[in-house]
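You will see two complexes here that share subunit A, one where it goes with subunit B and one where it goes with subunit C.
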Partner chain A sequence: MANALKALTPLGHDAPVSETIGPVTITENVGVALASLASRLGREAEVATVAQAAGIPLPGPGRAETASYGAIWLGPEQWMIEAPFETHEDIVAVLKPLFGEAASITEQTDAWVRFDLTATDLPALFERLCGHDLRRNGTGSATRTVIEHLGCYVVRRAENQVSVIGPRSSARSLHHALITAAKSAF
Partner chain B sequence: MIINHPLLGPRDSQEFVYLGDAALIRRPDGMADGALDKFIDYTYLRDNPAGQHRELWYHEQGDRSWLVVTRNTVSHEITAVELARDVARTEGRSK
Partner chain C sequence: MSRITGGQIDRSKTLRFSFDGVAYAGHPGDTLASALLANGVRLMGRSFKYHRPRGVISAGSEEPNAIVELRSGARQEPNTRATVIELFDGLQAQSQNRWPSLKFDALAINDRLSPFFAAGFYYKTFMWPAAFWEKLYEPIIRRAAGLGSLSKQDDPDDYDKGFLHCDLLIIGAGPAGLSAALTAGRAGARVILADEDFRMGGRLNAETLEVGGGSGADWAAKAVLELAAMPNVRLMTRTTVIGAFDHGIYGAVERVSDHLAQPLPGKPRQILWRIYAARSILAAGAIERPIAFENNDRPGIMLAGALRAYANRWGVAVGDRVAVFTNNDDGLRTVADLKAKGLDVTLIDARQGDEVIDSAGRLGLKSITVRRGNGRTETLAVSALGVSGGWNPNLNIASNHRGRPVWSESLAAFLPPEGAIAGLSCAGAAAGAMSTHGALTTGADQAVQALASLGLTASTDLPQAEDAPVNLKAHWYVHSGKGRAWIDQQNDVTVKDVKLAKQENFVSVEHLKRYTTLGMATDQGKTGNILGLAVMAELTGKTIPETGTTIYRPPYTPVAMGVLGGRARGEDFKPTRHTPSHKWATEQGAVFVEVGYWLRTQWLPRAGETTWRQSVDREVLQTRKSVGICDVTTLGKIDIQGTDAGAFLDKVYANTFSTLGIGKTRYGLMLREDGMVMDDGTTARMGQNEYVMTTTTANAVPVFRHLEYCRQVLWPDMDVQLISTTEAWAQYSVAGPNARKLLEKLVDQDISDAAFPYMACGNITVKGTRARLFRISFSGELAYEIAVPTRYGDAMIRALVEAGRDFDAVVYGTEALGVMRVEKGHVAGNELNGQSSALNMGLGKMVSKKKDAIGMVLSQREGMVQPNGYRLVGVKPVDPAKALTAGAHFLAKGAEAVAVNDGGWLTSVVYSPHLGHSIGLGYLKGGDTRKGERLRVVNLLANTDVEVEIVSPHFFDPEGERLRG
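So, the complex of A and B:
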C-alpha cells in the first residue's frame, strides 16, 4: 500500500469529481479549510477589531464576503471562516492565537462537502432545489436552507457561480440531487 | 405561510419548527419559594386563544434563531416577528 494515509474526498474518490451537464458544471471542491467562529458574550467588539486586523471579514445577516479569508454569516455573532486548505490545513491553530478567549472557534473542514456550481442560469437550477430565491439574492448572498432534506449553505460567489456546502456524510445524496436537478433544468 | 424573519427577511414556514406559547421563555426560578406551584403552572397551563397569540418558533433549517411570532390563530395573519433574545432582554433577563 503505497499511500495508505491519503485522504479520500467526500464522494469517496482519490480526486475530486467534476461533472458538466449542459451549461452546468458541478465540481467537488476539497481545497478549502473551514472553521466556525462565534463571539463570546460581551466580547463582540474585540472580535470585530481582531478580525479586521487579520483580514477576516465579518459579513452581516444573509451575506458572505471575501478578503484575506472568506466568511459566511451563520447566525447572530457567528460566522464560518474559509481559508485555502494548502496553507491552513490546521485552521484553528491559526485562528485561535488571534482571538484568544474572545471567541469560540471550531474546526469544521471535514464535516462538510462543498460543491461549486457554475451555470449561465443558476436561478433556474436552484428553484428546483430549494426555497432560497437566487433571482432576489444576488452576488454575496449566503444562507442556510434545505436541499434534498439536508441543511445546506447556499453561497452566491458571483452571478454565475454558487457554492453548496452540505453535510459530508450525505455527500453522495446531495451530489445526486444536484445532478438530477441539472438534468431536469437544462 | 411566510414568516418575516427580523434578520433574514421573508422565509417559508417549512424552515421553522413550532414550539408553543411564548410564555415559555419566562421560566420560573427553581430556587425561589413556591417554585413547585410555579413550575406546575409553567409546565401544564396554557392559554389557548382564538385570535392573537404570541408563540415561539425555531428557525431550524436556517440560522437556528428563536423567534417570538405574534400570529392570529384564526386567520394565521402574522403581525410581528421578534428575536426571542431581544424579547428576553427587553424584559430585563439574559444579558
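So, the complex of A and C:
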C-alpha cells in the first residue's frame, strides 16, 4: 500500500538540500536504506556464507565496501548494510528471509542523516571537524568519530567523496558544523 | 635610535600604525617592538607593582615588559607582547597600567613607597578586617596593579579547533628544527614544523653567522623553500605549540589572522590544533638571561642578544652609543655586530671584573655607572645597554609532565630532562647544543633516531657552520649598591625581595615563587626565574641544583580564551536534537524546554492564555476529558535480539521478562549493581527473539552503555545483540478516553480492546505506512504509543491532530505530562535520583527473589531494607489554597527545622487541575505506614512552612480502571 504520510528529510524539507562552498559540495542523501546486521553467537560462518551469496560485503574493522549492497563495519560481527531506499524501504523484510535466525537485523534508516561531501581536498576540511585522519585513511576507510559532540560515521567512498552519517535529530547542528568548517577551511 | 642598513624588512612598503594615539610608520617584517624602536620609542609600558617606566628587553615571546593593549572596540586585546606582534597597516596599540599617561603616571608614587610593597606585603597588610578584602582592598589592588582592561563586548571573531597527525612534530624552526625537518622530510616522513614566529629560521635571522658558506638567514630561507615543496611536510608559522599532553598529543595555537586588521570573511582568527605526533622534537632554542644590577630596568637596557637581533633582523639601532655587559662570549657577538653596523660600542666584561653598578635616565637610559676590575668607577653616557648573563635552554614543554630539569655546570643552566615525555627528544640550544653546528647536528641526529624508532631510515647532509664553545663565567647579580636590582621585571621582584623571602624562611623554590610572585606573571619567568634561584642558592649557601627549580605547565605563552572555546559559543555551544514534531510545534508557537540536547515541547499556548498554568491545566483537563497527544520520541529505544534476549533481560531487570508473551509489553525496573534503581521503562516483546526496550530520556545513553557492558564483559557467552533505535522511530503518546477512537481513524488494523488489550504491542500500518503500536500509559488514561519511521513523524503529528479534531484533542507538552504522572503516582527523574531503591519507591515487590539480577543481592542489604527507611508518599496541603514547593523537607508539628528532625523531602510538586490544588510526591521515613498523618513541609530557602496530609501517591484512578478501558 502506498504511503499516505508524506516524508520529510532530516533537515526538515520536502527534498534534500545541496550546497556548494568553494571546492566542496555538501548534499543531504535520503536515498539509502540502512539496517544493522549482527551475527548471532556461533553462527558467524553461516552469516558470511549467506552474505556472500547475496552480494552483501562484510568488511573488516575500519572499512566500508560496496557490492550489490554497501556495508560499513560497526563492531565485531556487526555491520551497517546499505541499499537503495527506493527498493528497500522495508529493508528488514528483504534481509531477514536471507539470514533467518542466524543474524539479528534492525532497521536503522531513519536513525541517521547522511551528508555526502565531495571536494578535491577533503582532508583539509575534515582536519577542522574530527580526529579521523583522512590523509592516512583512503578510499574504503570508515570509522566512528565525534564531530561537534555528535557521534558520526565517516566513510571514505572515494578519494574525493566522503559520507558523514550522523544522528538524525541533530541533522541541523551537524549540517551547520559542516558548512561552517567548509567556509573556514576553503 | 633609527633605522640602519640591512634586515629582513621590506622597505619598499610602508605600514602606518599608532601607539598611544601617536602615528608612526614601519615596514612589513617589523614587529610592533622593532617598529617602535625604529621610531625612537623606548618607553612602552609601566611595571606591574611600582609603575616603573619600562621598555622592551627581548625580541621574542619571553618579553616581560613591553606589554600593550592592541586594537580597539570589541577587538581590544590586553596583555599582548609588542615583541611578537606582527606589524600591519592600521595597527592601534595602547600602553597599559598607567594613568593618566605613559610618560606621567600618577601611580608611580608606588615606586617611592616601595619599602611598603616588599614581597609578601599583601599577606601582611591586608589582613584586617577580613570583610574589607573582597569589597575594598582587592578592587584597589587590581586597579593599581593593572594587566590591561577588557572591552566587555562580545568577541566578534571566530575560532576553530582542528586535528593534525604526523610522524614527527618539530617544535621550533631555528637551525636545529630546520635541520631535523630537512632530514625527516627528505626521508619521506610526515612532518609538522611549527614556529611561533611569522618567519622561520629562529636565531639565524638575528645573527650574522654563516651556514654552508652563505648567510644563515639565506640558508634558512632556502631550507624553508625546499620543505615547502615537500607534500609530506606541513610548515606552520605563527603557530605556538602550547603544551605536551598525554599520548603524544600536543596543543598548538595558529594565529591565522592576527597579522591582519581583521579576519577575512568566514575565516577564523585563530585555530587550536590538537596534534597527534608519533614522535616529537623540541627545538625551541634558548632564552637569554640578564644580570641583575641596581636600576637595571630602564627603557634602553635589554638583553644583548635582543639588541643584536634588532640590528641584524630589523635594521634598528636602539641607540647610537651602546654598551654591552656580559659574562660570556655571546655578548662579544653583540659588540662585533653593532660595531660592524657603525655604532659606538663599549664592552663591560664581567669575566674581567668589570661591572655595571647603576644606571640613570627617568624615562629612558641616559647613562650607566661602571666599576672596572681595578676599582675605578666611571659614568658612560649611553642610550642602549645590552646585558648577557648566558642562555637558558628553552625546556619549558619538556617539563610539562613533571620531568625535573637537570643542571649543567658548564652552561650554568638547566637542561631538559631526558625521556620525561614519551616520544619527545630535544635538539639544538634547547638541548644545550649552543653553536650553529651543534644545532644542525643534533637536529638531524634526533630526527634520524626518531624515524628509526618508527622503522624509517633517514640520512643526514649537514652544511658547514661555526662551532664556538660556550665560554661563560656564572654571574647572577652585582653585589653593590643599596637600590633595587630587578630579577623578574614583569612582577617587580628584586634581589631584595628574594633576600626578604630567605630572611622569613620561604627558602623552598615553591615558597619563594609564591611569596615573591617570582615567575608568576604572564611571561612565567622566562627571563627571570633562574636569577631568583641563583640568588636564593647563594643566600642559603647551596648550589643551584640543590635549591631546585620550578617546572612549567601549559600553555607556553598566554592563550586567548576564545580559541579554547572554539565554535562552542552562543547557539553553537552544543548541538541540538529536534523531535519529529518540532517543525509542527514551532508553527504552533510551542514553548520548548531543553532536555539534554533535546528540545521538547513544554506546553502549547493558545490564544488568550496569559500564563503557562492556563495552558498546562487545559492540556491536562482536556486529555483526561477527551484525548491528548504528546511527542515521546525522546525516550530511549533499544532493540534487543538474540536467542538469549529474554534471559538477558531477566538479568538486567529486577523483574522477569522471559515469560512475557509475544505481542505483550511490561513495565521494567533496572537496578544498578549497588541495588539502587538505575532506570525504568517498558519493554515490548516483538518476536520470539526480539524485544524493544524503552528507557527514560535522560538515561537513554547510560542504559545502552550499561547493557553493552553487560553483554560484552559480564556475559560474553550470551547470544544477545543490541542497537539503539531511539532516533529511527517517531513515537507519539495518544492518551485519554477517546484515544482509541482517534487512532481507529488512522490505524488500518483492528485495535479494539479485545484485539489489542492493555499492554499489547504489535506491528501495524497507518494509512499504509509501517508503524508500531504499544498500549501503554504514563498518564493513567486509556493510552497508546504509536511509532512510525522518523521521516513520517511530521506527517504523523499532523495526521493525529487532524484525526483528533472531532474529539477536540489537545497536544500536550512535558509540563502536562509531569502533572499527569504525579497525579498517577509514577516515579520519574526526581524520584530516580540514583540514591533510591525499589523499596523506597514503593516498588519493592518488583524485585524478583526467584532469579538473580543485577542489583538484587545488594538491594537486600540491611541498610536498604530498614522498616523506617524512606518510602514514596503522596502529599497534599491541608489548606488547598497553599502551594507546595519541591525540595521542602518533612517536619513534625512543632519540631525545630534542624537536620536531626528531618523526615524526608518532597521530590515532585505540581498543581493538579483535576483536584484543584497542589499535590506532591515525596520520600518520607516510614512513609508506607503514615497515611493520614499531618506533618509540615518546610523550605528554609523559600521561607515556606505548610501543613500537609500524607496520602497515597496515587491521586488519580488508583485502581487503574481508566487505562484498561
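As a working rule, the second predicted complex is superposed on the first by the 182 of 186 C-alpha atoms of A that agree within 3 Å, B and C clash if a C-alpha of one lies under 4 Å from a C-alpha of the other, contacts with A are read in each partner's own complex, and residues count from 1 in each chain.
By definition in this document, contacts are C-beta pairs under 8 Å (C-beta built on N, C-alpha and C of every residue); 3 or more make two chains touch, one makes a residue touch a chain.
Values in this document were obtained by computation on a predicted structure and should not be read as measured data.
S.K.: If we overlay the two complexes on their shared chain A, which of subunit B and subunit C does A:Gly131 touch? Say first, second, both or neither.
M.R.: both
S.K.: After the superposition on A, what does A:Thr9 contact: first (subunit B), second (subunit C), both or neither?
M.R.: second
S.K.: Please indicate which partner A:Val146 is in contact with in the superposed arrangement: first for subunit B, second for subunit C, both, or neither.
M.R.: So A:Val146 only meets subunit B here.
S.K.: Examine A:Leu41 and indicate which partner it touches, taking first as subunit B and second as subunit C; both and neither are also allowed.
M.R.: Once the two structures are laid over each other on A, A:Leu41 reaches both partners.
S.K.: Quick one: classify A:Pro61 as touching subunit B (first), subunit C (second), both or neither.
M.R.: A:Pro61: touches subunit B, not subunit C.
S.K.: On subunit A, which partner's contacts cover more residues, subunit B's or subunit C's?
M.R.: C
S.K.: With the two structures laid over each other on chain A, which partner does A:Thr106 touch: subunit B (first), subunit C (second), both, or neither?
M.R.: The answer is second: A:Thr106 touches subunit C but not subunit B.
S.K.: Need the overlap of the two footprints on subunit A, from subunit B and from subunit C, as residue ranges.
M.R.: 41-42, 131
S.K.: If we count contacts the way the header does, which residues on subunit A are in touch with subunit C in the complex?
M.R.: Those in contact with subunit C are residues 1-10, 12, 30, 36, 38, 40-42, 78, 90, 101, 104-112, 127-128, 130-133, 135-136, 148-150, 167-174, 176-177, 180-181, 183-184.
S.K.: In the complex formed with subunit B, which residues of subunit A make contact?
M.R.: Subunit A reaches subunit B through residues 41-42, 61-62, 73-76, 131, 143-146, 151.
S.K.: Within the complex, which stretch of subunit C touches subunit A?
M.R.: Touch list, subunit C to subunit A: 158, 160-165, 190, 266-268, 271, 274, 276, 567, 572, 574-579, 582-583, 597-598, 633, 639, 641-644, 689-690, 717-719, 721, 723-730, 748, 765-770, 788-796, 799.
S.K.: Quick check on the complex: what are the subunit B residues that touch subunit A?
M.R.: On the subunit B side, the touching residues are 7-9, 11-12, 14-15, 61-65, 83, 85, 95.
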